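Below you'll find the structure I mean.
Order as written gives the chain letters A, B, C and D; numbering starts at 1 within each chain.
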Amino acid sequence: MPNAAELNAFLKTEFPQNPCTVEAVGGGGATVRHPIGQGELRPGGTVSGPVMFTLADVSLYVAILGEIGIVPLAVTTNLNINFMRKPAATADLIGVCKLIKLGRLLAVGEVSIYSEGQPDMVAHAVGTYAIPPR
Amino acid sequence: MPNAAELNAFLKTEFPQNPCTVEAVGGGGATVRHPIGQGELRPGGTVSGPVMFTLADVSLYVAILGEIGIVPLAVTTNLNINFMRKPAATADLIGVCKLIKLGRLLAVGEVSIYSEGQPDMVAHAVGTYAIPPR
Amino acid sequence: MPNAAELNAFLKTEFPQNPCTVEAVGGGGATVRHPIGQGELRPGGTVSGPVMFTLADVSLYVAILGEIGIVPLAVTTNLNINFMRKPAATADLIGVCKLIKLGRLLAVGEVSIYSEGQPDMVAHAVGTYAIPPR
Amino acid sequence: MPNAAELNAFLKTEFPQNPCTVEAVGGGGATVRHPIGQGELRPGGTVSGPVMFTLADVSLYVAILGEIGIVPLAVTTNLNINFMRKPAATADLIGVCKLIKLGRLLAVGEVSIYSEGQPDMVAHAVGTYAIPPR
């Protein structure tokens, strides 16, 4: 199964606009980083919702690929996200995904999102991917 | 803050139709049991969806009351549930709730549901309660 | 495709505990009734959350069967429900489902829930069913 | 209450990175456009998930502001999105939001997302905003 470096290479080639990097993958989960700079902030110094959505979605995708191998055609079918606290304006966001189902056709996982170095979760997502028949 | 016995007494008095019992509460979470018998099964030996919804909702409610004290007027505003595996027909369901936000007005928690004694999660819920102003 | 009477007969045979009745089905949707009596109320005269969950789930199931025929093995994979207003204690609940996707493997629909005769929606659900391969 | 031109001016000033424009607002809803160009596409010609999330979130925000006036501090607390069909690569996305609850503290709405000029919904979202006390 692909490791973090292989998944980063895959993301760079296939999704050149993707801003996230894989920190760790395997064991039914993944840890993914979304760098936070001026471009990710809204007025008031809040990280925008779409940035957190992106991190949740990529974390889930990477966790799945870490289990089934690189299957580019897996697609998100549902994502439910709760926004709980204002993220820090000066810390990267870290997404920690744990898969809770890895079926033949559907995979489900949850993602906890943190501002790096801070204990309180800023957002939490649960999502489903449809996996193409192999 | 109320312990499991006090919460069970509260549930028995205020929600006499509630089938669930609190096994443990505190530390930002709760463990709750839903007994499974013939009445909870659908044809084919599947536990019905509303039974799992009930367990998720009660687990979240109990976890919140374990933190803020007995506030009967807290109400569910949102619950998202994923059904992942067929529960066992002959084991009770156990809900394990962890609160991920406990604000002044809103509390958010996630609930993992298992057939007792089996390792794989059968359902997973994330829900929000609105807490009345104190 | 089955009409309302055929679906009610199917529900009565296959899900004898089901309290809901189909009022209308077809055209990519369904209208379903959940009778409200003392057994559906919590203290304070509120209809319990599991009752609304049940109505949402059955409405979605019936809408799908109305399009694909009676396929008992379709199962809910995800249901997200928002509770918005306190339902009336003395009116039945009516669920109005519209399918928004009917794929080969997955169907998605939304359900608006009303207290009969009242204009404001009391709850709203969106859910996904997995359809067994035919 | 603000009209579409006033809301577009507000968005331009307060959220200069926002790509969406308000087409219509009022009556408890809003219609919002997200232009689709090369920057919104992923390899394979698919519109990326974060683009659809952005449109859902802005549509809901605009619909709320159209009812309560310009209250910049309203924030998303929950958003559930189902992705149903591949959007067209060469059509703008249109979000049609209908509010289903507008309370003092919480507003809930649903958003149907279409590729302009095409009948089938590509994604559907339901979200909640917390409204700051006035």
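Worth pointing out:
Quick note on the criterion: a contact is a pair of C-beta atoms (placed from the backbone, for glycine too) under 8 Å apart; a residue touches a chain by one contact, two chains touch by 3 or more.
In this text the structure is predicted, and so the values were computed from the model without any measurement.
Common neighbours of subunit C and subunit D (chains touching each): A, B.
Farthest chain from subunit D, judged by C-alpha centroids: B.
Distance from the subunit A centre to the subunit D centre is 22 Å, each centre being the mean of its Cα atoms.
With centres taken as mean Cα positions, subunit D sits 33 Å from subunit B. For the pair subunit A and subunit B, the distance between mean C-alpha positions equals 28 Å.
For subunit C, residues touching at least two other chains, in rising order: 77-78, 80, 82, 84, 128. If you draw each protein chain as a dot and join the dots that touch, every dot ends up joined to every other dot. Residues 77-78, 80, 105-106, 128, 130 of subunit C are the ones touching subunit A in the complex.
Partner subunit A is touched in their complex by these residues of subunit B: 80, 82, 84-85, 100-101, 103, 108, 110, 112, 121, 124, 126, 128. Note for the complex: subunit D touches subunit A at residues 14-15, 17, 39, 42-43, 48-50, 53-54, 57, 75-84.
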